[in-house]
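Okay, so subunit A shows up in both of these, paired with subunit B first and subunit C after.
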Partner chain A sequence: MSDLLAIEAVHGGYGTADILNGADLRISGPEIVVIIGPNGAGKSTLMKAVFGLVRVRVGNIRFNGEDITNMRADLVAERGLAYVPQERNVFPSLTVDENLDMGAYLKRDDGKRKTAIYEIFPQLRLRRAQRAGSLSGGERQMLAMGRALMIEPKLLLLDEPTAALAPRLVDETLEKIVEIRSLGIGVLMVEQNAKAALRRADRGVVMVMGRVRLEDEAHNLLARTDIADLFLGA
Partner chain B sequence: MTDFVQLIVFGIVSGAIFALGGIGISVIFGILRFAHLAHGDMMTLGAYLALAAISALQLPVLAALPLAMIGTAATAIAIDWLFYRRFRRARPVILLISSFGMALVLRSAIQLIWGPGNHVYESGISIPYVLFDIRIKPDHVMIVGCTVAIIVAFHLFLTYTRLGKAMRAMSDDPDLARVSGVDTERVVVWTWAIGGALAAAGGVFLALDTQLNPLLCWNILLPMFAAAIVGGIGRPYGAIAGGLLIGIVEELSTAVIEPAYKPAVAFIIMIVVLIWRPTGIVRSQT
Partner chain C sequence: MELGGLLNYAIFFATFAGIFAVVALGLNVQWGLSGQLNFGIAGFFAIGAYASAILTSPQVATRLGGFDMPIIVGLFAAIAFSALAAWAVGWITAGLRTDYLAIATIGVAETIRLVVKNEDWLTNGVRGIQAIPRPAGEWFGPNAWIMLSVVALCLALAYAAIEAARASPWGRLQLAIRENERGATAAGKDVARARLEAFVLGAAFMGLGGALYAHFFGFISPEAFGPNFSTFLVWVMLIAGGSGNNRGAILGSFVIWLIWSGTEILTNRLPLEFVTQAGALRLLLIGLLVQLVLIFRPKGLLPEKL
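Up next is the complex of A and B:
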């Protein structure tokens, strides 16, 4: 199977400082891949690099075989990639409905997609006329994912989707991500709740110092005591 | 009491003009993140383009207004394409100083084409309407009526069109707008078009109320910026509220202080409002 996303020997970062030092990663279809690693490993930077928000100095990124290295973010989105940043992931002054409309900016929606999103995240329907800035953390996360799904992506990039969520919402959010995969959408996510995420993932990768140091099936990573001690907590 | 109401009427007229300029300043700041110091001169250009249309085509002011708005919008887009576009990634202070340079360019161009003297759209005396001893000039009715129509159209654009929502989204977070697929350069072009068109309307209305000269709207740049800041910079609805507040209070202040101190009143309002609400009248949602 050809790769959906191929990140090859990517170096890059902010200004003159490289955060990514030869990062490699491949995603081949509708699978959930979790990136784990210590703070400063370059996990979020890698996602931004895919979307052209961080300059790639060396290496290349291909999506569906097409080179998207340093491509404008709106053109990357046009090709079927969606991204949910960790923070500032909704438009606070827009209503829930309008946030979803922004997700449909590239492909106009006749209402069917929005209805489907409200079926996945029913609590958003109740708040459709409310400004996103007044939503709770969990609702914002749902809205951010909903906005990204309005693009009808082939691959969804999620940066710490459960960060700052109450424990009861972590499992709910991760289950939604499994539901998203069942729609045929690949998911690449950075996640601090690594154990909970790996339990639902197909594969996991460990990033350290801007490189992917280890890659394996999720259940294999969960079984490794060295990985558990370093990255998975108690 | 009559004098008080009369001053409020004058304040609403000034406030309408400040609001039209303030919306442009606020929208440009919200999307491009810099204070556009050439906005006053862009308004003056609009006023002179209307004069050109009135002189050349013998049009009434109301008919010349849309032509001036289109001409100024096109000029604003051209200025961005030729000039500001090259500074997109520059620090805001570079753009601020560049816009001051553009203000001088526009003013010099106006002086070269139309000369440094005063002009009027129509000469003669206009008989005011009298309502409960309050005198209202027909021009003032037109200014306020047109401003309300323009603001309603602008509100409908921002609320119901795809592009209007994209402008609000980009003002909230440009990177998130980009990753959502918004072509931000297209939004920038429309921002200049709308900012330019509203600036022209404000310039024409001020010229209608006073006289045209090359410093026409440079002189009201500070109250317009105060209106945008008081309303919550980057929030166009705030600029409308800020414009009206500053216009009305400035006029009311003339009952107790010399009219020459009116610009200082704008700053006092700005300081008081920012102490009360540091993010401006229209609070940002975070």
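Up next is the complex of A and C:
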């Protein structure tokens, strides 16, 4: 019962077609868990299902011991679960500051949280009055994560946070995620840069055809040549 | 035209344009701020007009009321009833976006118009409601200056209220939803509720506009609530003025109303065989104007300031 997140035998997807076929996953606390797997395995769909954006047909999802299966996304967020979609995750015509405020309306902010977030992402502070639409890809990703942190989540869901980023920015972004974990926040992420992500993660899970097929400590997965050949790329 | 006549016309013009501006501000909340396509303005306009007319007109045997209440009660009732109707409509259409929402709202407006036309016990049907009181009419009779002042006051209050809403966190949330609905959901926002709130707020001002219209003319009938007049024209006003910009909505109302009224002067001079088609010609001219605005000034006379 001490699990932060418990996904049990979840089936579901879009319309009548199930993408998830009995997915199981547990996160016990402030750890980084990376989901890897081929395209179409249901990695992003699983995250959306947790956040109430995809219908769960069978199975259940508990957060902090509470059943959140098919709960409305705004209510899930209220319980301390934040989600950063892969694309279109900032509000381009609002400033950096206002984007962060978007996350704060859930809980009133006395300015402390924003200060804390600017400490994690100092380059955002420099651009606080600038419109999010004018930020670079890397800065946008930082802003999206910062916005998610404004609700003071216990668990952060990140859908491919390094997609379409330059290699130098991939490492920088992943280091920020390690920093977020050190604040006592759990992170569940889908990541294509699997090797780089696993190097910083606590655990990895391999998803295939809508199920979690393999689950292990991240360094064990990195050491396995069969996994490397199949999923980790060059 | 002599000077007195010109002044009278100017007052009449400003009052009418001001009423349209209140409605256009309402549409600007729904479309300009929240991005919801409402093609059923006429319906909320009608509800406001009839709510106030029924409550404030003297009692007659053929329909509900009138209840002979003060105009201020009628105005607030107009706001309340149109907001309530919008809440019901918005709740039902919560899952609809863009063009689907637009189609649904056209249907709603037509339904309201048919109810108004056919439910004689409530609205006196096609015969309409007469003897709707003018502001302070019991002391001064129909006084154009007083009516203009009431409209100007309502317009100023509507403008101030909507500007304040726009600058508030609520306004920023609307903007965020308009440009990235998924993102707002991911940020933990109750998107459906925020959209409904904007829809209801906008409709409330449309209802207020309808009530002002009723007290301005003293007579309403279902004919006034067809889509051309109170839906199409208001959209043109907002688009031409600059959707998203409240001053643009007001400016657009005055400019388009000037052009609309101006075309009447033109069409009155048409040879007799064309006069019957004058109404259609005016619509054609306004349609042409929208095309020109969209081509040469796509964001309107006063574009939205972000």
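In this text, the second predicted complex is superposed on the first by the 233 of 234 C-alpha atoms of A that agree within 3 Å, B and C clash if a C-alpha of one lies under 4 Å from a C-alpha of the other, contacts with A are read in each partner's own complex, and residues count from 1 in each chain.
Note that a contact is a pair of C-beta atoms (placed from the backbone, for glycine too) under 8 Å apart; a residue touches a chain by one contact, two chains touch by 3 or more.
Computed from a predicted structure; not experimentally measured.
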item: Superposed partners subunit B and subunit C on subunit A - clash or fit; value: clash
item: Contacts of A:Thr45 with subunit B and subunit C, given as first, second, both or neither; value: neither
item: A:Glu78 touches, of subunit B and subunit C: first, second, both or neither?; value: both
item: Contacts of A:Thr69 with subunit B and subunit C, given as first, second, both or neither; value: neither
item: First, second, both or neither for A:Ser134, with subunit B first and subunit C second; value: first
item: Subunit B versus subunit C as contact partner of A:Met102, first or second or both or neither; value: both
item: Residues of subunit A at both interfaces, subunit B in one complex, subunit C in the other; value: 51, 53, 72-74, 76-78, 82-83, 85, 88-94, 98, 101-103, 105-106, 131, 147, 151
item: Residues of subunit A touching subunit B in the complex; value: 51, 53, 72-74, 76-78, 82-83, 85, 88-94, 98, 101-103, 105-106, 108, 131-134, 147, 151
item: Residue ranges of subunit A in contact with subunit C within the complex; value: 51, 53, 72-74, 76-78, 82-85, 88-94, 98, 101-103, 105-106, 131, 147-148, 151
item: Complex contacts: residues of subunit B adjacent to subunit A; value: 162, 165-166, 168-169, 171-173, 175-184, 284-286
item: Parts of subunit C lying in touch with subunit A, wherever the complex brings them together; value: 169, 172-173, 175-176, 179-180, 182-191, 306
